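Below, subunit A partners subunit B and then partners subunit C, in two separate complexes.
Presenting the complex of A and B:
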């Protein structure tokens, strides 16, 4: 009797499992730095991707060309923020059944990585890799223009900082001078100070009275802080990632340097900064394309937290990318078979390229012809161990 | 397949980097300057193809000759010091080269775009291979043809009087000098040869990644350069090749799936190998193939001969 029951239960279980086994899945690969100094960015992105896939699948997945439904799956590959490894990871992803990849984390990986892709679609003379990439984190300006297979959902720092310094000029009319501290050996932080922050500050009438440079792996900031103290600036802008931002802020605190306004790098508007130096960061103002200011953003933040990650402007982009890709796949009419893989990749690329606007967590994101995006943003300030919105230009 | 062909490219350029350090190590000198020569080769070859439209082959040759000459110039003062002082001196040279490219800007307009080194922003669009219809497999084949030539050349040198001279200097400088060998000439020649090989490796590297920047050519790369021949053993050029496959193929690519643990295992496995094979994977001097594949051990054979 027991054996009979066991056999019946097994058959029922197998029959119930068969549709699931036969179900088509569409793979979206994620890649970036999930280990090393900036590993937290990749870990947060990975959590955001898993949470987004879970949400999409719970809502029925995506629709294929024949009207059938397919589930999404994702896998995250670690490139350790190394260009050579990033290229190798992308080549590995391209040999899997992934329809598209979301990544990378580091701009110094993104730049060579995009270079190995075909520069212009349908250029028969260009043997570059034909694989679509939808970048979530690597934020250095103007990288999508390298290849037509690249799309980015990263905010425009030029627009955000231009607006920030205009707002500072209006809000703090007595501030006149600025000192720039820059993490010199990281593509993003360096580019943002010299090409974005500094230019925006000067444009809005602030006088740059000094610059201090340090490296990503530095742990001593006393000389740079002394230079800041000597310059006596009204505003100090720190273009650095959370680890050295905290190091610098602690040294500034030790040397009792307290400017009227403290400005930070977009990538530092994260939990890591507050975990590392909440007290010293108090008052730090940063423009960001993510803050949990509405229900959708709060829901996403909770879903990612449940996966062990934190939602910030970078991982929020990973979440958004998957939501955008869900709509793109639904509209592109992909077949989802092994034979159609290359044509599916092309359809997804073309559909991404055809987008004018998409819905993001903070509102409507504008898609640009060169593959870049213009995203809504807010200015957040560190307050009582959390990030609070100090100004919402869109409101 | 695309992935494996790409991996072959990486193995190829790293083998060249390792071989450049191997030649210098044969003379008993530890040079941390190889990353610097590799950087110069990368920038020179990239400038040749991307800025001036030269074919990759002459570009790599130009890079190789340039770095060979540079290595010779650096070699004269650097090789006057020995041991740890030489390590520091060559390390300083590597950092000097890195900082030079950190500040080096020279861009020209090609097809409406600015092309060339742009300081800390790096050197973008080194796209000779894709723009000239080279598939990933073609690039891998090209790189490995060069690797095989360099390996063959070094293997040949190793088995000639020149190789014996290099090893003699490496084993005992005083003894080598006492038999009339000119130490400075031999060391500088090895340095120049190593520099030339690093230049080839760098030139090829720049074209496989399409974008180079100062940060790539730091101390870590210099450490890898000398780690390959030391881990592989100085007995044969093939030890370096084996070490590159072990590190890049197994430790970097093979263990990627274990995430954060990879970095920890990376060091632990290298330590383990160095403990199990203190003279490198292939030892000090590789046994002849017939001995390796012989059923009888050489010790037993010798014992019988003695009887």
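Presenting the complex of A and C:
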């Protein structure tokens, strides 16, 4: 009798628990470098994703095709900024119930990784992976064109630096020459100097009087700084990540090199640069697609900080991606079942592809037909150990 | 020859030699351990970096003058060196030399990851002394902080020489290095000598790490691999097991790196340094001062 009662009670309890167990969740995977020397990027993105999911779920989650509600869940996968690991991670994500993935961190991972995806949707002859990706960090220009399954919410560096040098021309009319310092073995730094900053500077009438190169692991910058000193440029542009940016800035300080204007790489508009060399970075001007300049941006920054991360131009994109995906899922009419997974992925892809504009933290982001974005931006300058907006082109 | 090019050449040589002393210290650490145990400790560079972070962490806890930060870095690296000894060498059977080598590779990755995890990969400012001082000889500048680094490295080498050639500990170390079995039969505790060697080389590594970070002014986990690679190149060129070899090798690598960078640019610089390594490995595998004889 006791056994019967226990069995009956168990069945009742299980039946009562069924709705909770059956609650549908939609998984959005995050991936990128959360360990290794650029691990802070992935850690910040991961924190932004968790904070965004918490906000979305607290507001009721997303709506499925049958009108029911589903909660979002996220899990972050580490690719260590390594192309092989990135490809392996994406293949692993594709075998899970993830509807879409947000990542990766590094452009040198993004480029080969996008290559394993089906290039054109519905191309029966292309056996590439059919899985949507919505990139938050990897910023090298034009990568979304590799596959129609790729969408990016990264700022256009070409537009930002073009505008920055136009603004410098108008604001500092007595500046005529520029010297470029570039971290030669990092895809983003290299691309940004040679294809973006240099072109923009020349377009706006600045004469390039020299270039200095160094590597990501370098600890001695005396040769390059000496070349800078001798060239006596009005502007020095440093296209490098925080560690070598700080190394170079300190060497410049030692050699008493003080240009009229100092320009930095987008990725250096972060906490790391200020942690490493706030004094030497004073005055460094960088275009960025994030700064806590309005209530929404401040709210997001606080929410991410509560998750142990920092919101910068990269992690802000991760936050924005989740908010965009919430709206996309609501509109796409996905079913959220195991059987509908592949068609759900396709619906999300198509809905992302159909977007013209989306709301971002700094304003309206324009979506382009090739999967890229045009985002609002501001120019920030390092001031008293923090980043302050020195110019807002949108204002 | 263009006047400015000549000046740049001299300046590069001077900078390279000054910076090369840190390579020499790392090389000495590698060579000391190899000399005593005939085993390579590949975790050495990572342990040096971790020790440097210990000094920085101490400075975060309580404000310390730069000299004390360097001292704590060296001490921290010495302690980590001892842990590496216990973890990778002490209990590894001597009949399986590859086991210790591979264990040290594992330890290298472990320490590296731990440092990155704890520091979030962030660069942190590292104190330096005489940062704005300089000696000007015509067109040539000699950085005050680099001279300090040079001085500290030379001092560390002098202390090491005194330790090795003027103390009973040094006598025991040299005995174990030359004839470990005979040394053991004479009552020398080889286990203790090995452990002390790891601590001493750790202290040297911590000093090198601290001086590297002081020279840049920033500490980042990025430098771990560079310390390991440079240390290994230095000992191959100088001769595994030879302290004078490590010193000469360190200065050579530092100077070659800077001069090749000036002559051929940063992208080709390492090709020539590696070519130098290749030439030594093929034509003079024992290095400049290597000696593999005289050991049972």
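By our rule, the second predicted complex is superposed on the first by the 375 of 395 C-alpha atoms of A that agree within 3 Å, B and C clash if a C-alpha of one lies under 4 Å from a C-alpha of the other, contacts with A are read in each partner's own complex, and residues count from 1 in each chain.
Here is the rule we use: contacts are C-beta pairs under 8 Å (C-beta built on N, C-alpha and C of every residue); 3 or more make two chains touch, one makes a residue touch a chain.
In this text the structure is predicted, and so the values were computed from the model without any measurement.
K.L.:
Record, for the superposition on subunit A, whether partners subunit B and subunit C clash or fit.
P.N.:
Because the two structures are overlaid on the shared chain, the partners are seen to clash.
K.L.:
Is A:69 contacted by the first partner subunit B, the second partner subunit C, both or neither?
P.N.:
So A:69 meets neither subunit B nor subunit C here.
K.L.:
Is A:35 contacted by the first partner subunit B, the second partner subunit C, both or neither?
P.N.:
Both partners, subunit B and subunit C.
K.L.:
In the superposed arrangement, does A:129 touch subunit B (first), subunit C (second), both or neither?
P.N.:
A:129 contacts subunit B only, not subunit C.
K.L.:
Have a look at where A:184 lands relative to subunit B and subunit C in the superposition and call it first, second, both or neither.
P.N.:
Both partners, subunit B and subunit C.
K.L.:
Quick check on the superposed pair: does A:298 touch subunit B, subunit C, both, or neither? Answer first, second, both or neither.
P.N.:
Neither partner.
K.L.:
Of the partners subunit B and subunit C, which touch A:213 in the superposed model: first, second, both, neither?
P.N.:
A:213 sits against subunit C, while subunit B stays out of touch.
K.L.:
Can you tell which stretch of subunit B bumps into subunit C once we superpose, 7-15, 61-69 or 79-87?
P.N.:
After superposing on chain A, the stretch of subunit B hitting subunit C is 79-87.
K.L.:
Enumerate the residues of subunit A that count as touching subunit B in its complex and touching subunit C in the other.
P.N.:
35-36, 39, 184-185
K.L.:
Under the touch definition given earlier, write down the residues of subunit A that touch subunit C in their complex.
P.N.:
Within the complex, subunit A touches subunit C at residues 35-40, 43, 184-185, 213-224, 226, 230, 242-243, 246-247, 250, 254-255, 271-272, 275-277.
K.L.:
Show which residues of subunit B lie in contact with subunit A when the two form their complex.
P.N.:
It is residues 1-3, 5-7, 10, 120-122, 124-127, 129-131, 133-136, 208-216, 252-253, 256, 259-260, 262-263 of subunit B that touch subunit A.
K.L.:
Residues of subunit C touching subunit A in their complex?
P.N.:
4, 8, 11-12, 15, 19, 113, 116-117, 120-125, 131-132, 134, 141, 143, 145, 212, 215-218, 220-223, 225-226, 257-258, 261-262, 265-267
K.L.:
Residue numbers of subunit A touching subunit B in their complex, please.
P.N.:
34-36, 39, 77-78, 80, 83-85, 87-89, 91-92, 94-95, 108, 111-112, 115-116, 118-119, 125-129, 146, 184-185, 187, 190-191
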